[in-house]
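Multiple structures are listed underneath, in structure tokens.
Each of the two complexes below includes subunit A, the first together with subunit B, the second together with subunit C.
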Partner chain A sequence: MVRRLGTAVLMIFLVVTFTFFLLRLMPGNPTLIEYHLLLKQGDSPQAALQYVNALYGVNIHSPLFLQYLSYLGDLAHGNLGTSVLYPNTTVLSLVAAALPWTVFSVGLALTVSAIFGILMGTVAGFKRNGLVDTLLTPVATVLSGIPNYLTGTVFLFVFAVVLAWLPQSGAYGVGVRPGFNVPFLGSVFVHAALPVVSYAVTQFGGWYLLMKSSTASTLGQEFIVGARSRGLTSSQVIYRYVMPNSLLPLFTNFVLAIGFMFGGSVFVESIFSYPGLGYLLNQAVSNRDYSTMEGLFLIITVAVIVSNLAADLAYIKLDPRISGEDVL
Partner chain B sequence: MARQHPITTEASSGAGALEITGLSVEYVTKRSRTRVIDNLTLTLQPDEMLGVVGESGCGKSTLAYSIMRMIPPPGRPVAGAIRFGRHGDLLSVPELYMNRLRGDRIAMIFQGAQSVFNPVRRIGRQVEDVFQAHGKDRRKGLERARELLKATQLDPGRVLKSYPHEMSGGMRQRVAIAMALLLDPEILILDEPTSALDVVSQAAILELLVEIRQRFHVSLIFITHDFAVVSSHADRIAVMYAGHIVEIGRADEIFRVPRHPYTKGLIQAIPNIRGPLRDIRAMDGEPPDLSKEIVGCPFAPRCPEVMDACRSYKPELLTIAPGHEAACIRAAMAEAQ
Partner chain C sequence: MARLWPVLKSRISYLAAAALLLMFALMAIFGPMLYPHGIPQGSQFYAPPSWRYPLGTDYAGASVLAEIIVGSRYVLFVAALAACFTMAIGVIVGLASGYVGGLTDTVLMRVTDFILTIPTYPLLIVIAAVVKISGPIPMAILLSINGWGGMARAVRSMVLSLKRRDFVEAARSLELGNGHIVGRQILPLIMPYVIMHLILAVTSSIYGEVGLFFLGLVPIQGTNWGVMLNFAFSASGAIYVPSSVFYLMAPVGAIVLVQIGSVTFTKALDEVFNPQISAL
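And now, the complex of A and B:
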């Protein structure tokens, strides 16, 4: 376990370092652009430097390595720096504002698609060539192959543009007052509907197919024949013998998906201008807001690594055949 | 070996525990139709141990599955009846009724059954499930399980708390047998219960069966491809070949004076470690392809005593001595003289 944690910390450190240098070494550093702009406008080099340094909280002429050290120092204090795009805003506050929207929309989509996929997949796995299997398997196969920016674009066009049933962008209407009130919550759900469905529809296919094959393979195992030979009732067989086993592999996937959720979806959130982490990342990238990019990459990395750890730990807890030593 | 129960060897006397008549089972696919059991008739006596012997592929497991009415698809019974006392024909009772009989009146231990338990559920819970399914008190069930596990030389406290993977193959098999006896079944089918085990565990299981027979009133169907295993334990032996019973009779008699050439071959194939090295030979050839129609005696192509008539005439089981039947033209002719 300790070794596992050490590896996780090392991974995070490597990602942080890699992103830092990669972004600095890319052409088009915005602080330098700003600096040269000020020079052109007639500022003295000193004044321009001071202004830029103060604005971005950096020291653009100090060696890269020193910048890196001071960045790490800030990180250690939980300071992700100041946004380049919004010079008076900390990255942390940008992330804090975007995070709830992503967690809400992607989390909802994940939950809904997993529940439906698992239910339908179980039915299809039990009744091969039954109604559910015949109808849903081709649909799910197609859906699982579609990227969510495609469903997003189609839904945007059909439901927001042509039919105009649902809003095209934003997380809630302009007129409503954020808070715990019905108009706001209603507006939130109406705005989240299309992004959520765009994710959910594509993810459903995966959950369904996975659960169907997991159910079918569990049903084919000897212990199911054993259970039936003892005269167990079909509900006992389904809920106590088949499902605990068929759900096991999906549980890991679910925990991992929670980790990947923090990346939001750059495509879907951008299509719907939905102000989550993915949208923020898109903006940061197109504006070379590298402090925000660094912050986002850090969060995504940590989330993925933590969810990996959590998935392994959960597996040890859930599957008695796996002992701690096997995994950690 | 001590036998406590009176044994009847005449298949015809009195009501059997189980009466199989004219049973045929086929595996039907789009392209083929395999008759795995063909017009099989067999009576299991109360409290007897019937050994069913034959090479693999002869339909022994399918016979067992038929009695449980758990033939794996695409197999299904196409003719016959399996009468089980007051319960009637097992092939035609409603599924819910059949399911109540499973594990309660008829229990089965599966071939190579190393994983008949839910891997993520403790044995104790799986014991409780059986009692719950059959509408019995779970607490009393655990008591009963403790007794049975003790009888199988296992530590009940430990076993009930264990997950299946925490036990060895031999232990699991003993637990499986204890589980099968939970509700005092009238019939226990054991499909090659020892074939996946090492020699020591095999011996332990056989010893356990001897003890079970002394303590419980249960008819045993013991399926094996190893003649040596049943010859010393079973009361009667049924020899199966290509979906038929080709010889049936008292174990000692079959062993001493086998009448069917296939039975003779099986007995000769028993490796004799102790006595002088006899003529040990496995039989040449293989059982016939059951998806093709068989004309004449199915054993004819491999039979060392084959005659012309064997290739065109299909012999039926004939009584050649009291309680001893064989399906062989030669045996029948010898009897007629």
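And now, the complex of A and C:
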């Protein structure tokens, strides 16, 4: 347990280091490019240096190692720097404003797709070559591999442009006042509908296929044969014996999916201009807002590492057959 | 290879998938030669399909089908290259880790875990934003940068179990040398798995590649499917015009067709390499 925790902390440290040096050692070092650009434009070295310093929080003439130490020090105080794109705004506050939207839309999509996928997958696994299996398995196989920016594009075009049933962008309407009131909440759900469905449709296939194979392999086990031979009905066998056991291996996937959907949100949120972490990352990158980009990448990666850790730890609690030693 | 044909023949879907992939490959190789004078231009914007323009025209009156065909070369070439890089790194790391073991194994697997943990798209986006990516080879390297982790783990576990088989022990007692054992005894048994996953790696490379072009994060040179999607959203605003349906759906359809073809063909290969599985 302690070792697993140590690995996670080490990984976070490595990611921090990696991000730091990525931005400063790469051939296209943006701070140096900016500096030389300003010099060419006729700025004095002093002014150019000051500007770059303010823009990136980096003093390009100080040794790299000292820069790295001061970066680590800032991070330890929760200081991710200030945004270039939105002056006078800290990266942390930008992230704090974007995070709820991503958590809401990604979480809703994950829940919906997992519930549908698991229910349908159980049916398909229980009745091999039945109606659900024959119809859904090919569909799920294709869906599970399609990137969510394609489903997002198709949904935006069909439902927001051609049919104009749902809004094209944003997280809530212009006229509504944010707060705990019915028009606002309604607007939030209407605006989230297309992004959520775009994620959910691509995720569904994966859940369905996983649950189908998990159910099929649980069915072959002796305790299921035993339960059946005691004269239990099919539904009793499914709910009390098959589902709990075949859901167990999916739990890890669920927690991992949380982390990875944060990363996958870049495309869908950009398509629908949905103001979450992914949209912010895209904005930061296209506007060369390096401090925001760095902070966001760090936060997304840390979210993935933490959810990996949570998955491993929770699994030990959930499945008594696995001891802590097996996972670590 | 001799066993491939009977399996393909056994199901119409396998044959269709093979034909589909073959068609895309031919399109990428010979397609651009069909249009020596550039992409045909009409005078009507977003024209519906016609004999002259089978998939209609785009926001500037250019033939959509021609754009898809010409664009396929860059997309598929880079994706295939990236898939080869991914597989090569994965196999080498997996072989080294599983066969050598010890400290090498620990270090390589730690690196692999690290790579597997970093979310793919944000990593690609951040690197593409910092490094100027130009040309197919840097693009392919970027796309393979964190796809090899799963392959390395799978190869490692296969090597670990193969290492203890009798024929490897026998080769070792004959002092045939590590190069011979890895190259002649172990690698051939891993190859079927590698080939199957090579095709799937091509599709996942296509996603990353088209995605980067889609967001406009790599310099645009000529046309390709990702650039078409990018233009639909930004420059031309085609996404907000209902009549642009063919222009918009053409790259989506092309990518989905490659995906369906790859998944189905991989299933056929699975039957060829593991005949006992298909009985289930």
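As a working rule, the second predicted complex is superposed on the first by the 284 of 328 C-alpha atoms of A that agree within 3 Å, B and C clash if a C-alpha of one lies under 4 Å from a C-alpha of the other, contacts with A are read in each partner's own complex, and residues count from 1 in each chain.
By definition in this document, contacts are C-beta pairs under 8 Å (C-beta built on N, C-alpha and C of every residue); 3 or more make two chains touch, one makes a residue touch a chain.
Predicted, not measured: the structure shown is a model, and the values here were computed from it.
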Q) Sharing subunit A, do subunit B and subunit C clash or fit in the superposition? A) fit
Q) In this superposed model, does subunit C or subunit B come into contact with more residues of subunit A? A) C
(Q) Touch test for A:115: subunit B only (first), subunit C only (second), both, or neither? (A) neither
Q.
Between subunit B and subunit C, whom does A:263 touch in the aligned arrangement: first, second, both, or neither?
A. second
Q: Look at A:233 in the shared chain and tell me whether it touches subunit B only, subunit C only, both, or neither; answer first, second, both or neither.
A: first
Q.
Touch test for A:245: subunit B only (first), subunit C only (second), both, or neither?
A. first
Q: Could you tell me if A:319 is touching subunit B, subunit C, both of them or neither one (first, second, both, neither)?
A: first
Q: Answer with first, second, both or neither: which of subunit B and subunit C does A:225 touch in the superposed model?
A: first
Q: Using the superposition on chain A described above, determine whether A:271 touches subunit B (first), subunit C (second), both, or neither.
A: second
Q.
I'd like to know which partner A:66 touches here: subunit B for first, subunit C for second, both or neither.
A. neither
Q. Subunit B to subunit C: minimum CA distance in the overlay, Å?
A. 12
Q: Would you please give the residues of subunit A that touch subunit B in one complex and also touch subunit C in the other complex?
A: none
Q. Any idea which subunit B residues touch subunit A in the complex?
A. 68, 70, 99-104, 107-108, 110, 113-121, 125, 129-130, 132-134, 163-165, 176, 179-180
Q) In their complex, what parts of subunit C are in touch with subunit A? A) 113-114, 117-123, 125-132, 203, 207, 210-211, 214-217, 229, 232-233, 239-242, 245, 248-249, 252, 255-256, 259-260, 263
Q. Which of the residues in subunit A end up touching subunit C in this complex?
A. 7, 11, 14-15, 19, 22-23, 26-28, 30, 141-142, 145-147, 149-150, 153-154, 156-157, 161-162, 168, 259-260, 262-264, 266-267, 270-271, 281-282, 285-286, 288, 293-294, 296-297, 300-301, 304-305, 308
Q) Which of the residues in subunit A end up touching subunit B in this complex? A) 221-223, 225-233, 236, 240-241, 244-245, 248, 318-321
